[in-house]
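Quick heads-up: structures coming right below.
Across the two complexes that follow, subunit A remains constant while its partner is subunit B and subsequently subunit C.
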Partner chain A sequence: MDSLRDAFRRLMLHRMTFFGFIIVVANVLLAIAAPFVSPNDPLEINLQNKVLPPSSGHYFGTDEYGRDIFSRVLHGASISLQISATSVILSLLIGIPLGGLSGFYGGFIDLIFMRMVDAIMSFPAILLAIGIMAALGPNKANLTIALGVVFIPRIARVIRGSVLSLKEKDFVEASRAIGNSEYRTFYRHVLPNCLSPIIVQSTMLFAYATLAEAALSFLGLGTPPPAPSWGNILSDGRNFMSDGPWMTIFPGLAIALAVFGYNLFGDGLRDLLDPRLKE
Partner chain B sequence: MEILLEVKNLSTHFFTRAGRVKAVDDVSLSIGIAETVGVVGESGCGKSVTALSILRLIPSPPGKIVGGEILFEGENTLELPEKVMNQIRGNHISMIFQEPMTYLNPAFTIGDQIAESLIVHQGMKRNKALGRAIEILREVEIPTPEKCVYEYPHQLSGGMRQRAMIAMALVCHPKLLIADEPTTALDVTIQSQILNILDKLKVERGMALLLITHNMGVVAEIARRVIVMYAGKVVESASREDLFLRPSHPYTRGLLRSIPRLGSKSQGRYQPLQEIPGMVPSPFQFPSGCAFHPRCLEAMDICKKEVPKLHTIGPGWECRCHLA
Partner chain C sequence: MILVSMAVFIIIRLVPGDPVLTLLGPNAEPGMIEELRNELGLNRPVSTQYLLWFFKVIQGDLGKSIVSGRGILESILERIPITFSLVFFAFLVAVVVGLPSGTAAAVHQNTKIDYLCMTFYLLGVSIPSFWLGLLLLLTFSVHLQWFPSIGFVSIFKDFYRGLQYLLLPALSLGLIESAIVGRMTRSSMLEILRQEYITTAKAKGLPARRVIWRHALKNAFGPILTVIGLEVGFLLGGAVVTETVFSLPGIGRLVVFSIYNRDYPMVQGCILFISLVYLTVSLIVDLLYGFFDPRIKYG
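Entry: the complex of A and B
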């Protein structure tokens, strides 16, 4: 665990990464605390208060149905986080074994898996997600599956690359020499050494998932309304861009800030976990 | 002496795009219980491939054991299924390697890597295995074993890492330890410490040792019998005394002549260090006849045409030379 503590210490030294880390932590905390701290029910319609500008009663103003945008943005963080996290985890669960086996055993398995991966990668990611959503129908579970499928090839590629270089290492031969089976050698000695590329790739995909979730919801193919997903809030405010710009500015800011945080953190992690950059 | 491991006519070839490489060709050797056998030769003569073949760790493809038998306690390991072979590796036959840094996994502590053998072979629980790891680290003379078990490989010095690797190899009390150039990457003082530890543990445990090295001094120090290899073949096999006092193969004599000696003088003048002329032949194209003939000072016509047989020239003494 020394290495973890060490990584944390270096994280503190790296100012931009630390800034990203703070944004990520704040985002997670707000998402968890949303039901307790938001002043209004995000779904409560109050037509007397519609299209109000930001004020002390409604920090971010209200939308065309009088819903409190501040509460909706807070709950949106929770939805965005849920979908990003589950889709990245789904892609890790499938992508790691896929890429790992491909790289470790090579040959025919590698050929089949990598051609599958190539096939998925040949579509632009967002277009493929739109296609899958159109086929499955918009709801949160399907959104997770669609994003997961889009991310699998990216994870698999990264893992395969690491495994290909790791399996030639001497300690892998040493593992065989002490009588470990091929399978044990793979998961005890090869996989743990893939941890840093996995972490880095995951944070990058996390940022991408947040964007994609908002984009798909905006297009009406993601989280179905009236759920307060960031993309939905943006989409609702689209018709009031000149009369009520707060309806689009605040969810837009939330998306931008969250993605900025993930990217800063991810970039920093990549630098921190790169052994060549260790002091 | 009862025989522990017997290698009979082993041939391991590599099938590459550039052609077939006969890395090990018709090699026979035997190791008795608790005996120490040294294997010497230049880089690329097939020493390491012989060792890896014994454990069946030849990367395949491109490598393949194409012939011969490896009898461990009378059983041909080449015919055993992979599962049974896994129970032999690390448990009955262990191996240590030249470069201790790259053979230790950077992601795990020393303790966990030593404990792994016990967990795999004896089904021991992790905590108990870590306790055993501390004991074995003490046996290989690591000064603070309680601290070392929780350290990662990069926190140890080269000599400490080699000790940790010896501990890893010996924790299951193997009957045979194959040491592939265990001291090559270490400086001379550490070398002698490591050799002393190996020698001590070997005697204490009645373990056989197959020591692969290109250092004649190391062999002279701890091996009882010595096998000299050249171009994938055994060229001389003799007791330590015979080999160093009465080397019979021209290659062995060349090797012994090319060891630098402190203050070696003849007729009051310093002599330049003698060498074996030429280069180790390319494994893709070994010379015809005796593979050593282009470099041999005593080569005759027959050496170019006919591969010499391994002649028995004394008790436990064999030599592959037309002159023998």
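Entry: the complex of A and C
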């Protein structure tokens, strides 16, 4: 825990990571505040205002139904964050016990779990998500499940790796020696020490979830329209590229900025939490 | 391979509801439903269904499309040259941009060149490839009109015209991937450049270029190769989205189109096919390892 506090202090000193942290926090705040701060209803159709360029009334212009793109992009942040967060949490809930048990107990459990992980990892990630969405049908809950399934093996592998290296350490041996049960040793001593790789991997998956949510919605396999997901706004804008390029430019910028923030923050965290890179 | 086939089979069996009812519509007669169910083998136990399907698959029979009635393998083979050429050119872009820039960044660590490359990499991993595709389309096809924005000509029919249709999609997919290749090249090269044999090579008075290309890059290639192998998976997945953006009639477009049409055998066949291609590439990459790193021997 002290190492985490230490890392947080150094985070404040590391400029790029701090910049990433600011973007992430801004994104989260905007996503939460979207219903209160957005100037218009993101679903309100107003055909008199259709395909208007950006102006003081509509900062990002309007789409073919006269909906305010600024409000839609703000609400898009909220949808994107909901799906990314729940899918990463889902993968953590399943991936951590899976990878942890696999690494800690080894043997038959390890063999079975890791073959399952290999099978899932042998699909290109986005293709697996597309396949699952095709089977389950496009809605937000299914999208969360699809991304969660894609992420579970990635979390499980990272956890297994760090548990494998930790279980040989003296403090684990000491915990057993003083009579702690295997469960308590695992839960109280091994797992808390896996925290840094979990945090780093989660940030990376967050970035990937944001991109994947947008891509799947763009294909019509994610959040169903008319919900203002970033991918949906881009998909609508595709038909108006010459008359309304702002429909394509602004939602894409929002995705890129959000993912840029996650990546910057994640890279910095990795440098800060990786003991090998400490001076 | 068997695990992948099982996974594909299970995913498609997750489809809620009865595929036969979906196919025939809600007003179908019970007799017809039963007949189709028999025909598709859906009344047998799932394990038997899987085995029957699996034995057909290893004989190259992926079944028939339930929408067009055409053979699935035939449809895939017809479209695969388009997807492969897209992936090939995107791969070329990724390597041609990623390798030299990553090497330059490592050699000139902490200079303007390094910072420029690092910024490019960070942007590359943050920008969605389909958005970059849309922006390229917007700039070069819609506004400047340098490239055609609709239609398609295969490079196998007319190379130069085909290239005009492939260039923007390949750039949008490849530039994003070049960021990942570049990042890996940089970090791998940085590690190697600190080794003593590099100092020795420099001390012997070898020209810097020779030290970098012959001594450093060859040794840094192992980890880079892993990333390049993984890249092919990203490219194959990314092709699905890119083909949709640029309306290229490849296998990715076929997957999306089949999903819209609820043509599940076709979706199943396409996903299995792409995954097997990916597995094969991963295997080749593993074998290539030994070539670049003689310490690895296959017994």
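For this structure, a couple of remarks:
Convention: the second predicted complex is superposed on the first by the 273 of 279 C-alpha atoms of A that agree within 3 Å, B and C clash if a C-alpha of one lies under 4 Å from a C-alpha of the other, contacts with A are read in each partner's own complex, and residues count from 1 in each chain.
To be clear about the criterion, a residue touches a chain if its C-beta (ideal position, glycine included) is under 8 Å from a C-beta of that chain, and two chains touch if they have at least 3 such contacts.
All figures in this text were calculated on a predicted structure; none of them were measured in a lab.
Taken together in the superposed arrangement on subunit A, subunit B and subunit C fit without clashing. When the two complexes are overlaid, the chain among subunit B and subunit C that reaches more residues of subunit A is C. In the overlay built on the shared chain, the residue A:47 is in contact with neither subunit B nor subunit C. Of the two partner chains placed around the shared chain by superposition, subunit C is the only one that A:238 touches, whereas subunit B remains out of contact. Taking the C-alpha centre of subunit A as the vertex, the lines to the centres of subunit B and subunit C open to an angle of 100 degrees, rounded to the nearest 10. The superposed three-chain arrangement places the nearest Cα atoms of subunit B and subunit C 19 Å from each other. Applying the stated touch rule to the two superposed structures, the subunit B and subunit C interfaces on subunit A have no residue in common.
Touching subunit C in their complex are the following residues of subunit A: 115, 118-120, 122-128, 130-137, 207, 211, 214-215, 218-221, 234, 237-238, 241-242, 245, 248-249, 252, 255-257, 259-260, 263-264, 267. Those residues of subunit C lying in contact with subunit A across their complex are 3-4, 6-8, 11-16, 122-123, 125-128, 130-131, 134-135, 137-138, 142-143, 233-234, 236-238, 240-241, 244-245, 255-256, 259-260, 264, 267, 271, 274-275, 278-279, 282.
Note for the complex: subunit B touches subunit A at residues 55, 57, 82-83, 86-91, 94-95, 97, 99, 102-108, 116-117, 120-121, 152, 165, 168-169. By the touch criterion stated above, subunit A contacts subunit B in their complex at residues 2-3, 169-171, 173-181, 184, 188-189, 192-193, 195.
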